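Next up: the structures, one after another.
One chain, chain A, appears in both complexes that follow, with chain B as partner in the first and chain C in the second.
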Partner chain A sequence: MFSNFDFQVIIDALPYLFLEGMVFTLKLTLLAALFGTILGTILALMRLSGVWPLPQIAGTYVNFVRSLPLLLVIFWFFFLVPFIAQKIVGSPRPIPIDPFLTALITFSLFEAAYFSEIMRAGIQSLPKGQVAAGYALGLSYPQVMRRIVLPQAFRNMLPVLLTQTIVLFQDTSLVYVLSLNDFLGIAGKIGQRDGRLTEMYLFVALVYFLISFAASQAVRRLQVHTAIIR
Partner chain B sequence: MDKVVDWFSIFWQESAEGTGTYAYTLLLGLQLTLEISVIAAVVAFVMGSIVGVCRTLPSPLARRLSGGYVEFFRNIPLLVQLFLWYFVLPELLPRDIGMWLKQVPYSNFYTAAFGLGLFTSARVAVQLSAAITSMPRGQKLAATALGLTTRQSYTSVLLPMAYRIVFPPLTSELLNLIKNSSVALTIGVAELTQSARNMDSYTFQTFQAFTAATLIYLALNILVTMVMRRIEHGVAVPGMLVAK
Partner chain C sequence: MNTAATTPNSAAKQSSGVPVIEMIGVSKWYTPEFQVLDSCSTSVQKGEVVVVCGPSGSGKSTLIKCVNALEPFQQGDIFVEGVKVNDRATDLPKLRSRIGMVFQNFELFPHLTIMENLTLAQRKVLKRGKDEADAKARKLLQRVGLSDQAPKYPGQLSGGQQQRVAIARALAMDPVAMLFDEPTSALDPEMVSEVLDVMVELAREGMTMMVVTHEMGFARKVADRVIFMDLGAIVEDVPTEDFFGSPRSERAQLFLSKILSH
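Let's look at the complex of A and B:
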């Protein structure tokens, strides 16, 4: 069944696929994970702060975003971001924004909702005595968070955060619908041009599988390594 | 007031597709979203149960096969999986079967429903096997001591308990599944998200179209959550934590 396979198509496309496509995908994944974690941590802190209206705002945001399909959110942002940019700059027309930047904003804000739930679980998993001990030592709220709570929460949740990043890595393939030049997007375009979609999609599936599989095995090893035996 | 009426008026306009109003277009989209979700949920539940049980069986072969199944479906993006089933599979099969497969009516709908079901089944399998292994070892031992065969100990001791434990995580998998059904639009199924895009491309009322889709997804999410909470309270194991 592989007799009329054209491996040359894949070999010819390799530089473009990886240097352009995979770089786009990885850059988007890592930056969105970074911003998503930062925003998510802020959201989690807001949610647990107990200062009206911060928990309500954060809770509504997280629940709202988590009930929408990522694709719909992608369409929303690619429609809205130029208008928001117009409002900010005060230009007479919606401003076209670099698609990578728009995708990065979309994924960061979307993933923030998921990362915030992970961070919330991480913070809540700590014994209450930790916070109390911090206050008893005379530390302020920011100090307690920065020096006691968040470092432990990050450590405990690191495997889950990384697993979510692998999910994010796979989800970035959805920018295909905007025909951006991510890994899948480029493979699709080359496959369509050469009439070799079968080879290209199989290759894409293989590469995604190898990367995600290797990453999830690494996370599993890390989990064993970082687990705190209580 | 006039402004509000004006804002909504687009939904009552005849759609350019000639099938009714734009509100009707969105409802047709919702119907497809629901149909895909129901088929996918059944596939995910059945396959997830089989594979999930295999992951906990003593047989090394069953474990290895089910492990491979889970890794395959978990480590390839859903979108790429749908492309594999829709574009690649018919090319790899013998010519006649491939040709037949391409001509099945609504093949993109079925591809989306079954593809999504298989994708989700790997997640269900993981949850179910985790539930089975989380149970006290004594359950399995007691079943064996009573003289039950492996099959009997699963059907009358382990699984009835495991399904009750696994219910809350399965609820969130169901919600994910409904959201993921939007990926069907990439192989040309006009489900809810796509029908909002269609409405947008005919009317340029992007804001209204996307707002409507957003509200429908929200309502669907709340409805499913409420129903599942109800059932959850009924099936929860006494003495175990239940969400309020």
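Let's look at the complex of A and C:
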């Protein structure tokens, strides 16, 4: 199998693979993690607010999203959003939406459910006295959240948030089913064109592994570091 | 002002104007079956130091947390300088900012430096400028003997130092009264006195204080009155020397004999 392994195919494809594919993948990962964390934090705050009906809305959303296969959500969004946009704008035909934007919205909404559970755990793990101390000084609810609770929850949960982001990094490869030009998508297209799928997929696997492995090692080191500071 | 814990002194205080803290028949239930406070009434005059003691679980923490509305209650009224705590219209953040509170576990904010711990609420609640807040913080850190700790984080300080910072943080808001919830019971024995010294000085300077503590030495030294609680009720509320001289209730006698024996 490896006797006629063609490295040249990979070398030739490197610029396209990385400058186009990996840039797409990383951009999608980092932006989706950012928006997912923001939206997830809002969901977590809603869930813990105790103000009807916010916890119910957030809880339903989180449980609903978490019980759907990601692939299904991606398909849905891709085929539904143009029709929704058509309805909103009132145009005669479905409006094509930038594929990157669609993917970004999908992953942000999907990851928000997971990030919200992480932030919720982070908030709940703080000693109750921290909130009481904030209120006792006269801080308002938003001030207590913004200045005392969220910074600590975020700092304590950073390793978990980053680990979830590594999972997200791997999951973004699912957009390949929509033949978007992410890292895996481009590798597939080149492999198909040149009849070198084996080389390309092995190479792709190696790259995903190396990046994910290096990132989780970095997270582990961060974990030890923050454990010492506390 | 308040130099010694004498009865004439406290009697003089009681005659003057609106009390800083007034509780009238406060009752609280955690569940319909479990009543944690049972018609508690007392008042604290300006400059008065009141020690609250009683067995663990008797409701001492809950009682003082009702004063600044950290705990809601179902019956009765509490007034702070005439402002009703349990009134929906009351601006709670404003009211709380006028009452300092010191917790058993310090509750400094671990992600902020000592300086930031002392200036956060000054700036966000009292809207003081950075220079004014910093100056106030430095003055108070010096007062509790921790001037050189300003840039550190709470985790780098000993328990006693952290509690002194917590007192300074509360004082930075220029409170009309201070509430203490067992401020020394989480400390290693050798650190208790450095915190008590700060509290004694505060009491002598005339600060109005409500202190939950089992440090009976502190009570004898500076308290005007002692409140003894049991099963959610205020069983005794008497001048300090009467409490130590001859507590009226059997439960208080038993409590005292236990606490003074070790």
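By definition in this document, the second predicted complex is superposed on the first by the 226 of 230 C-alpha atoms of A that agree within 3 Å, B and C clash if a C-alpha of one lies under 4 Å from a C-alpha of the other, contacts with A are read in each partner's own complex, and residues count from 1 in each chain.
By our rule, a residue touches a chain if its C-beta (ideal position, glycine included) is under 8 Å from a C-beta of that chain, and two chains touch if they have at least 3 such contacts.
Predicted model only: the values in this text are computed from it and were never measured.
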item	value
When both partners are placed on the shared chain, which of chain B and chain C touches more of chain A	B
First, second, both or neither for A:171, with chain B first and chain C second	first
Contacts of A:140 with chain B and chain C, given as first, second, both or neither	second
First (chain B), second (chain C), both or neither touched by A:202	first
First (chain B), second (chain C), both or neither touched by A:220	neither
Touching partner for A:68 - first (chain B), second (chain C), both, neither	first
First (chain B), second (chain C), both or neither touched by A:87	neither
Chain B and chain C footprints on chain A, overlapping residues	none
Touching residues on chain A, where the partner in the complex is chain B	1, 64, 67-72, 75-76, 79, 170-171, 173-174, 176-177, 184, 197-198, 201-202, 204-205, 208-209, 212-213, 216
Chain A-touching residues of chain B, taken from the complex the two chains share	71-72, 74-81, 83-84, 87-88, 91-94, 175, 179-183, 185-186, 193, 196-197, 206-207, 210, 213-214, 217-218, 221-222
For the chain C and chain A complex, residues of the former touching the latter	65, 68, 70, 93-101, 103, 105, 107-111, 120-121, 124-126, 155, 169-170, 173
Interfacial residue positions of chain A with respect to chain C in the complex	127, 129-130, 132-140, 143, 147-148, 151-152, 155, 229-230
